[in-house]
Amino acid sequence: MTQPEGIEVERLVREFKKGPRAVDGIDLEVAPGKIYGFLGPNGAGKSTTVHMLTTLLPPTSGTARVAGYDVVSQGPQVRSRIGAALQEAALDPFLTGREHMRLQTAMHGLPKPERAARGDELLARVGLIEAADRKVGGYSGGMKRRLDLGLALVHRPRILFLDEPTTGLDVQSRTALWSEVARLAREDGVTVFLTTQYLEEADALADRVGIIDHGRLVAEGTPTALKAEIGRPTVEAIPRDDGELDALASVMERFGERAGASPKGVSVRLRGGEADLANVVRALDAEGIGVEHLQLHAPSLDDVFLAKTGRSLEGAGGEEETATEPAAVTA
Amino acid sequence: MSVPLLTQVGQLARRSVLRTLRQPAQIVPALVFPLFLLAVNSSGLARATNLPNFPTKSYLTFALAIPFMQGALFSVMNAGTDLARDVETGFLNRLALTPLRGSALLSGLLAGAVVLGLLQAATYLLVGLAAGASFAAGVPGVLVIVALSMLMTVGFGSVGLFAALRTGSGEAVQSLFPVFFVFLFLSSMSLPRNLIQTDWFREVATYNPVSYLIEAVRSLLVKGWDGEALALGFGVAAIILVVGMVAANAALHTRMVRT
Amino acid sequence: MSRGGFRTTALAVAWRSIHAFTHNRALFIPAMVFPLFFFSAFAGGLSTISRVPQFDFPTGYTAFQYVFVILQSSAFGGVFTGFGIARDFETGFGRRLMLAAPRRGGIVVGYALAAMGRAMVTWVVLTTVALIAGMQIDGGGVDLFGLFGLALLVNLAATLWATGVAMRVRSIQGGPLMQMPVFLVLFLAPVYVPLDLLSGWIHGVASVNPATALLEAGRGFVSGRPTTVAVAFAAAAALVAVFAVWARGGLRSAESEAA
């Protein structure tokens, strides 16, 4: 059933002339007012998917309906209902923040008397009202991203696409952006489709997460459900005496298989789950192995990615996404 | 929501003009460099007026047409570089997500080139007048020079837009400068065509459209009203504009592949 | 510190620069084509100028312009080497060189050697084309040796100038600063006609411009009537000395950044 403020994608494919399929048959659905996190390494197909859903790139095959409109045959209608902050901040360094707002409000057809007010409202909302009359060339990365978000909202879109919105931002700017995105969904009921390569971003924001690798969805669900599917936590221990590392490893491996490489210690995925932690401690004590550091790690989305693809998400991904796209669509 | 074409053109034109005025690095060379060359060439080649059948006694008057042509070349670079930057930064995508019409984008972008072109034309004419150049066609001729100069500016500007959309790269647009420079030099820039001694050079200059643009402006300075020269000059400028805009439009459809 | 370190550094930098030049079409082709283009445009398009009364250069206008283009291409070869140095620093490669080189002066010498190598390739191509085009040379072997010796000094002076700028600015944004003074010096000289046929302000400027002595000496060599040779070589040597100090200062500036 077509959702007027949702996203429905069926067997979406995008092939490029001289490369592999950047998007290879994706099915997904985003309910209205929810935040969907699209997680994957560089080159996975995230931006290509976003370009198709925002009508900037026609799919090779498959269908997608955004805000109830078909992205191929009803492009103008889709564009009137969506806002997008794409991978590049896409700003003119010679214009001020206020001039950007003026241009954007006019281009979206807001009546002249409303443009200034709407622009100032959004500039205030993203914390840029004081810098509004400065040229964007002098803005920090965080300021540019906030302006980018504000510009995407001028025409009150019901669906918002954010393509790696916090890449390159410091922690403070990132947190501020997360707050605003969460508020948009929670209070304004905006549907958000967010692509990211940061696990914590998907964890923090998304109601549902889709993990994409080499153009295919390898996992989909709520973060909690996905992590529960993998199930088992890992325990990491560092011995007090470096010489006891092997002994430590042999004790811990009784409780599960080695997981990841801890530089000075041992990490093991517990077969029996969290309950086995006490047994680990008792076993180490019985062997007289002193432990300097002991930590339990709950499963992460990286563990999900690892389980599904055999690779870790962090550090995965080779080519930049845009390398597989023809020059015509990298803009 | 349907946005009137005029609103779109107006907003993009405003942006284009602001950007141009806020980039002194684009404006100053476009004004200074042609004037420097005019000063050097009009002094260095002043004796050329002693050649039999040279059309004027003032090489300055003869050479004053050249800055207008050089100014048009700068408009290729400036318009093209600005649009290439929009492609590279993703700003074109931002505009593509609005109800933007392609024709509005191209027209609006050329507005900045027009403003710079007017500034250039006024500067060259004032400097030429102050330095003692004569204007055989008088004040009406000056207005026609400005009109032709504007036509050349938007014509070459549209070529710059095409290059930007086709390549998506500012560097590629900049690399066109030598190409246009060659067209400028292999023309009747420095001597009238009938006084060019070297046969192959004269042939090339005869087929080079830049020769007719320069000769049209020159005719208003040196001769007065030469219908044939003006018709050729305006004709060539119009053809460049039409071809440039058609090519730019086609490139825009490829670059901005939105559904 | 051993001389071996200096020589090794210089040869390594020179090899790398020449390798980049010969294996990169974007660098090689313009370096070959532009001198040829200027030669064609000036010698071909302006050959009628030699018919101006009192134009006294019996060897012919082709040879007259050949000398200018040889010196111009030598000078701009030095400037383009400076562009390469700026690009190296912009990409971080310059810092790598500074850290690796046992004798950093060898880096500057290496770039200068590469510039000379590039210039010589250009001279061979240009001279071959000029001879095919029927250029007359009335000077002997010693005269031509003198011409190319002058050109070598011009190339070295321009390279040292551009090196000093590049190592101070350490960015390709310094390009115009490298290029403009060289352009001004070259064109405020008797480019199109001999000095005694210039009049007005340009005669005054050209009279004190060291490039004038270089051009006149070069044209004297080609025509077999050496003139102002001592002044020309003294001027060229002085430019090399001054810009060597300038380049050394640039090296110090780059060193303090790399430290």
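Just so it is clear, A, B and C label the chains in written order, and each chain counts residues from 1 on its own.
Following the convention adopted for this analysis, a residue touches a chain if its C-beta (ideal position, glycine included) is under 8 Å from a C-beta of that chain, and two chains touch if they have at least 3 such contacts.
The model shown is predicted, which means the values in this text are computed figures rather than measured ones.
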Legend entry - Distance-maximising chain from chain A - centres being C-alpha averages: C
Inset, instruction - Using mean Cα positions, find the chain sitting nearest the overall protein centre. - result: B
Legend entry - Euclidean distance of C-alpha centroids - chain A vs chain B, Å: 47
Inset, instruction - Report, in whole Å, the distance between the mean C-alpha point of chain A and the mean C-alpha point of chain C. - result: 55
Inset, instruction - Starting from the mean Cα coordinates of chain B and chain C, work out the distance between those two points in Å. - result: 31
Legend entry - chain B residues within the chain A interface of the complex: 1-3, 7-8, 11-12, 14-15, 18-19, 22-23, 86-100, 167-168, 254-255, 257-259
Legend entry - Sites on chain C touched by chain B in the complex: 30, 34, 37-38, 40-41, 43-49, 51-53, 55, 184, 187-188, 190-193, 197-203
Inset, instruction - Can you check the complex and tell me which residues of chain A touch chain B? - result: 54-58, 71-73, 75-76, 78-80, 82-84, 86-92, 94-95, 99, 102-104, 106-109, 135, 151, 155, 327-331
Legend entry - Complex contacts: residues of chain B adjacent to chain C: 36-37, 39-41, 43-48, 50-51, 178, 182, 185-186, 189-191, 195-198, 200-201, 205
